[in-house]
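Both complexes below contain subunit A, partnered by subunit B and then by subunit C.
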Partner chain A sequence: MTDLLSRRSASSTQRVSRWTPSSAVGTSAGAVLIVALAALPYLINLATIYAMIDLFVLLILASTWNLLAGFGGMVSVGQQAYIGLGAYSLVTLADLLGVNVFLAIPIAAIVSALVAIPVSYLAFRLVGGYFAVGTWVIAEVFRLVTIQIPQVGGGAGVSISAMSGFPRDLRIAVGYWVALVCVVVVVGSCVLLVRSRFGLALTALRDDPTAAATSGVNVDASKRLVYLISAAGAGVAGTLIAISTLRVQPSGVYDVQWSAFMIFMVVIGGVGTLEGPIIGAVIFWLLKQALAEYGSAYLIGLGILGVLFVLFARRGIWGLVSRRGRVDLFPVGYRLRLPDQTRRKQ
Partner chain B sequence: MTPEPLVETRSVGRSFGRLEVLSGFDLKVEAGEVLGIIGPNGAGKSTLLAVLGGAIPPTTGTILLDGVDVTRRPSHWRARHGIATSYQVPRPFLGMSVLENLLVAATFAAGSRGHRAQAAAVDSLQRTNLERFANAEASSLRLLDRKRLEVARALASGPRLLLLDEIAGGLTEQEVPELVELVRSVAASGVTVIWIEHVVHALTAVATRLLCLSYGRVLAEGEPAAVLASPEVRRIYLGLDPEVAAPAGGPDA
Partner chain C sequence: MSIVNAVIQGILLGGLYALFAAGLSLMFGVMRLVNLAHGAFAVLAAYGALLIVRTGALNPIAALLIIVPAMAVLGFVVQRFILQRTLGTSPLPALLVTFGLSIIIENTLLLTVTADQQRLNLGSFDTAAIALPGGIRIGAFPLAVFVFALVVLALLSLVLSRTQYGRLVRAVSDDPGTVQLNGADPKLIYGFAAAIAFGLVAVAGVASGVQTSFSPSSGSLFLIFAFEAVIIGGLGSLWGTMLGAVVLGIAQTVGAAIAPAQQILIGHLVFLVFLAFLPGGITRQKALR
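Right, the complex of A and B next:
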């Protein structure tokens, strides 16, 4: 009897949908938010605008580190290698080679991804904790190599003159819009990536690499591609840091503290989801704004918070939100319209 | 010239440290066969499936698929060339829905796209009676439904060779015939099956050939009733006294 019913329903086409009510609301809200953010420089003071660029950098870092660690299972402590590479690529392209500074951003992202190819063959020889330490060492090598290059200021760093054509207020506003475009492109790409065919492989890989392989997913190739994509993302973050601070120093851009921030944001937000890193970045940014005056005590506070989340809320804030069942703010899933549900609607 | 067997192992061995789980293992499985494998725990049954599926490389020997050496081919390559595995301990993608679990296999193993992949996933849901769980997260399924999902995912990959590892254990007396019927219909559609099972009567209901493994070696092999009647199998696997003759109906009661 049940067999007969299910056979009949099978003949109806188009039974799988990608959208859910929550993802329709979430994606529309996201679109409205982007428009509102674009208008922001006309509405609020420049100091806040400046702080917003910092938020966008954090959003990019959290989202791309999450792709790497949350989906790819590769806990890297060395993504600052690509933050630095992105920042220095921008300086080189814009100031030394005279490339348009806005065009230099995507080129710097591509440079980061290209450099990540040979690095991946080195780093992927290690797994788990060894991979983490190995990536940190690689980032240190990047820093040490940069110090040896006098054309970009060696250990002292270099100032950027490509943005000096703008008056100060406009420069900050332009920096803001550029950062907004970058964050929309990077986070949007993460959403499209997870929604795509490759995202299906990536999500399977996140949950069980062995079963993913026996289901036909090329695990190694998928991991490598994720590594390249997140290197490009970190490179974009580096270019934004360079454009907004107007100065690039090896000790700043190659600081392992970036990795600590990325881990913190993704862990408290919710690892392995698209929504988690966004929430984590916003929370981290708010804490940074509110507690910055307490100096190192604020870092201790962040550390304690991170430990509490790891112990008691391993799936982060987004995990608490969706603990009664998966909630997607982006249309990345697949849902089957069951026969009884369709009937109820008619 | 006889056609090549679908899958063949030539003196395949697998050791874990000093423990030799499989040794000098030769097997030929013709297309369309349903090969049942029985044997005591630790006999090397699951290791054999892992070696065939590519999850574990053999220490020695060669594996051939359609007469071509695939020993060094990774799991995903074998999945794309028609070898599907249903693991003994289910390995669902816990954070994905049941439908999405099947879509992974339909997309990457079977190589289907879009609506064709979705149709294959839905078809596999229906064959395994999992349709009502389609949108449930795999982590919410009970063990038996996870086992069903494991079989469903293997089917969704559109296999030529289906490797099943203890899928009947824990099922009720009503559910076992359903499962047998499922395997029979899969085999009837032209899929070759290698099925490890302790529920012997389920196996004998569909198996065209039975193989009993013990300590990595073949104890007995051949027509199911004959294998179950053989003295070694009765003594080592079934724990029966070989001196007492087997009942006429076989031990599948």
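Right, the complex of A and C next:
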């Protein structure tokens, strides 16, 4: 289909483009931003750099949860299973098995995806709301099993010594760069995925699962792949949490609050878009920096805001921004350019 | 003999779980909505009862006379003004909103009544028990809860199968559009279903508060137990839900007898085994969608 659409028409000057002015600007701005972010540890104080690692973790979680819920139509309340699995995989690989800590990150992501395969066969027996609670139960099982394992500290958790070779300042900066690389890889993968042929299937799945199935999309296989990718993403987020906090506790990494945060970010930003979760993660991070000390009151506020968005602005902030026609920050769609310069959506 | 005892205690515990599960099952059956705040509302009811018990001369059972109608009204209002807006072909909005509600309720309770464990006290009835041969003791309160669950489920299935409202509920569950064409208002039917479900969850929350302690964060476990009972039993069957609740109760108490402190994990594992090998539940319902 890609070939068909991108083939130039022989007879006229009309052509199909994947870029729009907004996506050209958005993507170049993104590239500049990444370079600027990479230089940041030389420019600003370490406390902010440390807080930025948290932002990157949130970006990864929001983007991958959005892939799951926004494109795959699967509302999971159990992605913390893979956050925990990623964190504990990192501890096991780096501290107990002596694997290089940076190499341990991709391995932990693969472990998360591999574990997600059998889990998906269980969880996919449930749909809709029951899928949501089912994933939660599975995450609880992960937590309850983890606290039985004395090698990783049981219920008390475990400290990570793999990063102790670095002096404190360098450790934070290195953690920041590693998290930046991870965020670029994960968010970049999400963009490429949605842009690809598989992404077209996913978009169809998002808009109408039945119609997608009739058009030849393998719904089950697509959903499973999305589930595995999201698990890998949550696993990466878990490794970053472990590297930055230097301590992994079952009650922390397996906390259902992670799911609440993922849902909030995606709902506020705009579910089923690539831009929405990024906006949502940044807003959530800013709110967290400013208000997290208020504890319960802060969480009540998040809950109310989230509910209001679902009820009255279901497409989130990005939906409000792009209401007057399509604006994309990433080149994922197809545009037909006709000779008279009028543009049509494909 | 301790296993026999565990099984008996498990069956009784199943009565409590059936009360939790019936409301969840009913709301899903009627409006295809899984209320992720189900457990949070149970906790809210338990704290409501605690408030009444502390201020007035009422005991927790008498407090139900106030709490159950109050929760039923709350259920009707929440359904009509919040949940109704989220119903549609996609389950996403309803899930997001009910999850949001559960966070709001849990944290509001944390702010107002602190995270301390609480318990509702029934005096001598709390510890009263019927002694059986072989050292088995059946607690009077768990037995009463079990019998009450049976009665409630029997009443509910009678209402659903025999009354005009029940016929409307079943019709609206199959096809809300056609029901509306025939002059009935699905929204009203949904509202009453939510009222019944919230009334049930209020009873379950208070009963649980008498049997064990609770805190603002107990809601998630209540939701999970209700969900496990529904799935083990089979979707769309009230008696299946009762059976599922009993299976879950037995799994937990027998699990506790075999491996102390692991009862919740063992309950989860039994649930997963059912999901893997009997996804339609005990009653073998096919309609998972």
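One rule holds in what follows: the second predicted complex is superposed on the first by the 326 of 346 C-alpha atoms of A that agree within 3 Å, B and C clash if a C-alpha of one lies under 4 Å from a C-alpha of the other, contacts with A are read in each partner's own complex, and residues count from 1 in each chain.
In the analysis below, a contact is a pair of C-beta atoms (placed from the backbone, for glycine too) under 8 Å apart; a residue touches a chain by one contact, two chains touch by 3 or more.
This structure is a prediction, so every number in the text was calculated from the model and none was measured.
Engineer: Going by the contact rule set out at the top, does A:L97 touch subunit B (first), subunit C (second), both, or neither?
Structural biologist: In the superposed model, A:L97 contacts neither subunit B nor subunit C.
Engineer: With both complexes overlaid on chain A, does A:Y130 touch subunit B (first), subunit C (second), both or neither?
Structural biologist: second
Engineer: In the overlaid three-chain picture, which partner chain does A:V145 touch, first (subunit B) or second (subunit C), both, or neither?
Structural biologist: After superposing on A, A:V145 lies in contact with subunit C but is clear of subunit B.
Engineer: With both complexes superposed on chain A, which partner does A:A212 reach: first (subunit B), second (subunit C), both or neither?
Structural biologist: First partner only, subunit B.
Engineer: Figure out whether A:V256 sits in contact with subunit B (first) or subunit C (second), or with both, or with neither.
Structural biologist: After superposition on chain A, A:V256 lies in contact with subunit C alone.
Engineer: Just checking: does A:A51 make contact with subunit B only, subunit C only, both, or neither of them? Give me first, second, both or neither.
Structural biologist: neither
Engineer: Check the residue A:G333 against both partner chains and state whether it touches subunit B (first), subunit C (second), both, or neither.
Structural biologist: first
Engineer: Look at A:L286 in the shared chain and tell me whether it touches subunit B only, subunit C only, both, or neither; answer first, second, both or neither.
Structural biologist: Neither partner.
Engineer: Taking the touch rule as given, give the residues of subunit A at its contact with subunit C in the complex, in rising order.
Structural biologist: Per the stated touch rule, the residues are 69, 73, 75, 77, 122, 125-130, 132-134, 136-138, 140-141, 144-145, 256, 259-260, 263, 267, 271, 295-297, 299-300, 302-304, 306-307, 310-311, 314.
Engineer: So in the complex, which bits of subunit B are touching subunit A?
Structural biologist: These residues of subunit B touch subunit A: 53-55, 74-76, 78-80, 84-85, 87, 91-97, 99-101, 103-105, 107-111, 113, 115, 118, 121-123, 125-126, 129, 131-132, 134-135, 137, 140, 153, 157.
Engineer: Under the stated contact criterion, what part of subunit C meets subunit A in this complex?
Structural biologist: 28, 32-36, 82, 85-86, 90-97, 99-101, 103-104, 107-108, 110-111, 220, 223-224, 227-228, 230-231, 235, 262, 264-265, 268-269, 271-272, 275-276, 279, 288-289
Engineer: Going by the contact rule at the top, pick out the subunit A residues touching subunit B in the complex.
Structural biologist: 2, 6-7, 10, 13-16, 197, 200-201, 203-204, 206-208, 210-219, 272, 325-326, 333-336, 338
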